[in-house]
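So, here come the structures, one by one.
Consider the two complexes below, in which chain A is the common component and chain B and chain C are the respective partners.
Right after this comes the complex of A and B.
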């Protein structure tokens, strides 16, 4: 049995004109209210945990339908209303001019005094960030689609050809470096895909190990190095490669609460960003390791590390890693036999196991035995 | 006046055979002592502040000549002696097989029990890291030359063509992504350089701004995004581009103690790594901004941020940013009129200014006015 590319289920959907139309919609609605002598308002879906739920059908975190109405003529709303209109106008200009701005640039660009007063439009970036999130929720578009870029991190390596503007390149022909994933990946076209699946790797050191061992070529895999928690650009790239290109996604992290959290975010999105699940999450992603079973199976007992914090059955516990593992046991997508077993075992053994601990066997081990064997036998966690 | 590429002053010098010879040298010396019935030893240059000095001539931090002798038959030395021999043998194998390992892999690969005892060769990665640093100092080679890779971070974009193994590519033809700089850049060949200088940029958001504004093409510049403190790979790349390819290096960071520290490290190396100054530092790098003068000159008063901590003239001060600035004022390479003026002004104004604050003028401002003007007029700090 080998993992193979599946049939695509989504089509590339980014249309800047649609985003502009949606932004204009807000403007027209306000204008209409003014003309009719009414108090203009904007309806913004509520943020926070009270307005999210786990949807069993799509297996993602989704936003509920609670709305908060923001009025122009309201002493508690007026500033936010003004800020929303300012940022919406700014974004419309960005998208119209095919320009991108970072969250920080958007803040600085819109920070100024309000004519004739000592008031500033924004006092802190927290304010403009919140408005941008509001617009994402209100319009149902990613901030990347509004040309607001997230911090970038991560790179890819493997036999796929990408068209980015006028440039077209194969990400397996860039030496040991690989292609740096930009903050926004909406505009990318995948002109050729000669891999069977994508392997998402937590650490750069492990990704580089696999590149050096020629794993991508031998196993027909695309390597996606997240370099820690996956950036939004990388998560969106993973989503697009899975749904638009049919690439199975297999995640490879350290065997510890942080690694499992990275997997969890790729798979399900975070609660903060629930409203983006449809575009950022990849619930069908699978997990290859590191697992607690690997320790015995591959004789890694000498190269585990102790979990940090106090175990649940000790005085003062649980804290640290133990606390995080117990929290992860409550995630709906970890509520299955396989994951519960892993997480319980971690608490019982009191250890973590890193990807790079596999070097204890030999440098080649991970690329020649560990991954090919587990992936071919589909020994993957859900 | 425009900044132009200079005449190269170093030739590409990496020779794996030389590294192997040096490692074998240690082995032969030990073997010789054993044959002669003597107690084998290894001489390791001492680490730490007591064995470094600032060399006015080369303008870099250099290692002194204090030596610490490590004996095999010595109860306090035996373990370190064994560890040194283990790691040296491991590295010889790596280099011989043209393989690379991360610091962490080197640790795991060499961690095992000592035959017939309950002792482990290494208990913690700190021990193996220290041995690798010892070998760098002892042999006078970078750990990258010994195929031990550092954590990677950073990317480049601009009209240069790189040969990395069998691949050859131009880093201005990779869409908005750019080329991800690997941990080791020793093996890279620069087959074509069509830029006049390299602009080293602290934040990815600013590098991406410049790419979007087509700054690299218009100004004939290579963009090197460090994404925070420059990784060793990026620092080595900067060094090579300057000395081997004659590219002037211009650094662009936030106007705050952390940004100036990033500049300082690129320029002079850190005290920890003094023994690497000759290969990692680029003392001739210059600094374009952000400076304290920029605030008034470009009308950025509304978009500064307050320094953190307590000023030196207030009770309990100096702490935080103020303390760091005062420390930086003591760096030998900042002991000049221009830098003392900047750093004093920062303390006096009590503010910092970010690269992205330039977006307050307009998104294009940094690419169309700020940088071209300052660079053309050579308004650069030493």
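Right after this comes the complex of A and C.
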């Protein structure tokens, strides 16, 4: 076993007072402007692919410096301006009172008709969600740090003890289902960590399998089930466990473009949340499988699935999975020999392979042979 | 056989008086249809009143009252505050056709031939058998009350009864009361109400009241204190007359020679021009004598090019002879001018270049007054008008076009208000040049997307000493190209103004909307900022309101300047 917990590099940094100060900062800046008879504005870093780049130094997707300036004295901006300060004020109270609200609650709490009109401050939750994201980007503060939570998704199982408010528990003592990761993990404290690394597992079925096979105990690992694309809570948890607790991160997904993308998001961050990469991404994560090599190595030829869509060399192609793979080949962090080989092989073979395909060998195979072997030998992709 | 037939025929032959003629042809005076006849009666009386007031420099106050006496049987009363009619003229004014102060003068006027009011008197007499009651005073000691009838055969007015009353209050004016049958009062676009409304618009200096048969009083109040100047008499321009005009004028003139007559009674004819006329008449005579068609045609063309001297020379001795003959015509007494000679002179006029006719006699209503009239009577939101400078049609008849446009406000639909010399034209709109000109304009270009539904009124007044009516009814103006073009040009100009106004209005509305958009968020923003900064909301709010105020101050000043 060479994979071992490392030295922590980040300290738990959440401070509600800092968030409140930042929110107040917006308020003072606006008030100062109107007092001087100036058109007040809020600078919001632009979202979207045009304002992100891959930072070689941090190996994460980062937000660019393009800014959209939102003026009050601009008919097209006025409503959003109002919405922004409205939500900012709401969050200030929320954080001040140490309460948490879901995105939906935040929407309803701020939806009311604008004085003297039939117009609502917010017509749809999409609007308030967008404003909350704007504030994250503007302040460089996580939505979770502003006490706005998303639905929980994903769970963990392993010998670590967490302090969550007044509760303290070991996530290997909560039953086979583990502990569900909340929308916000900022307030969690890790009081004891008795694992060597964290294994991030794409599907719940596979995570359940590993728990049943007592993989966490035997391999001294923490299982983190993402249940598809990792939620922000899970991604933040992974980040914290890696940087604050020094846990190596190993990702286990299906061998298909979607699985590789899940890995990519955990590792480098995403375009949408590029501004949060410093808090959500874990560029040092490694990939254990599934790989295209596994097919031959473990004799899984008969349990592969065909890729969807038209291959690039066929008329009308590439489409579907093929197109996704080709796109992924262009990602800077996949621009290395190992990954290019995997992706090319996928296109060549025209197949994908699921985690569960390993059950073809036997139910225990994955826990007893596949993972321990690969991890111990460090047969991991970068 | 033929002889006896003729005899039979001529047994019935009678000399018909002018009155008799018009009695039989009432349609020519506008007495067709029960509604139109009523309007015509009122038109004649009101026109007389307005003209009289204008000439006397009095601000008109005209009262029209209609009483219903029975089925299609009414009493019409028209009273004015005009100068009144001297006793001895009463029978002439009301009884004689083709009499009056204007018939023989080349002058822009509301009426033209002086058969108006006497025609009305005759119409009343014909339909009800009643005399017209005239009450008038020139402001002196007495008021004359006279009943006037027309002796149709003699074309003479007869005062059948006359009473004199003292005039202690010094009342001055004329009141006419006539009983008429076979007419109908309805409030249509061709009825008296509409006629008076249009009259009021074009005559903002007049105060007009109408009492309808049901007793309802409608007042079209005065919108301007300015009395229009009475029109000046204008000498006719040579291009604007026909042989008959020239012939008749020659018969009537007191000038001693044809030359003096031409110089004295036409505009733009000098002694020098008379010599030119002589040359042209001579040349035309000579050319007419040429037998060869081809050569004749060539000579006409050369004449049109002004080569009159060369042509005369080319005829040699005969040319000189002819010239002398024509010169003699000019020395004749005008009354001895023959029809043929008049014809020749008119023909020569066509080849000669004259200065454009004077336009001093044209009396437009004026932009300001039209705008006052439209504003006062129609209460629109936007009004603009344009008086074009005088032009000439048919080469010599001066005319002038005035147009105006009223938009929005109390207006509901689209209308064209047509006038000729300030007189509203209510009938035959379809054949009128004003209608075709208005319709020919692409109003969409001026932001009027749907003309028929637009809350817009287009006003057109054609002014001329000789308005080219399409028929004797004088309700529609002929499509003379020059007039058509003038109206169109004028309309396009005011169309541009309308567009500017409408754009400005949209911009302004837009501004108001923008301002409201910003204002409605002030409360929310102030509230939120109050939470963020912990400053009272009441302290924050005024800053924002002030900011919005400042933003919208400047552009509004700009818009106001743009309109001015």
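General remarks:
The rule is short, and it goes like this: the second predicted complex is superposed on the first by the 381 of 382 C-alpha atoms of A that agree within 3 Å, B and C clash if a C-alpha of one lies under 4 Å from a C-alpha of the other, contacts with A are read in each partner's own complex, and residues count from 1 in each chain.
To be clear about the criterion, contacts are C-beta pairs under 8 Å (C-beta built on N, C-alpha and C of every residue); 3 or more make two chains touch, one makes a residue touch a chain.
For clarity, every value in this text was computed on a predicted model and none was experimentally measured.
Using the contact criterion defined above for the overlaid structures, shared-chain residue A:34 touches chain C, although it does not reach chain B.
Once the two complexes are overlaid on the shared chain, A:181 sits against chain B while remaining clear of chain C. Of the two partner chains placed by the overlay, only chain B lies in contact with A:100; chain C stays clear of it. Look at A:155: by the touch rule set out above, it reaches chain B but stays clear of chain C. Judged by the number of chain A residues each one touches, B leads among chain B and chain C. With both structures placed on the common chain, the touch criterion links A:26 to chain C but leaves chain B unconnected. Of the two partner chains, neither chain B nor chain C is touched by A:49.
In the superposition on chain A, contact of A:173 is made with chain B only, not with chain C. On chain A, the surface touched by chain B in one complex and the surface touched by chain C in the other have no residue in common. Those residues of chain A lying in contact with chain C across their complex are 23-24, 26-28, 30-31, 34-35, 37, 39, 72-73, 75, 78-79, 81-82, 85-86, 88-89, 92-93, 114-117, 119, 121.
Chain B contributes residues 99-102, 104-106, 108-109, 111-113, 120, 149, 151-153, 155, 162-165, 167, 169, 173-184, 187-188, 204-205, 208-209, 212, 227, 302-303, 354, 356-360, 362-363 to its touches with chain A in the complex. By the touch criterion given at the top, residues 514, 517-518, 520-521, 523-525, 527-529, 531-533, 535, 540, 543-544, 546-548, 550-551 of chain C touch chain A in their complex.
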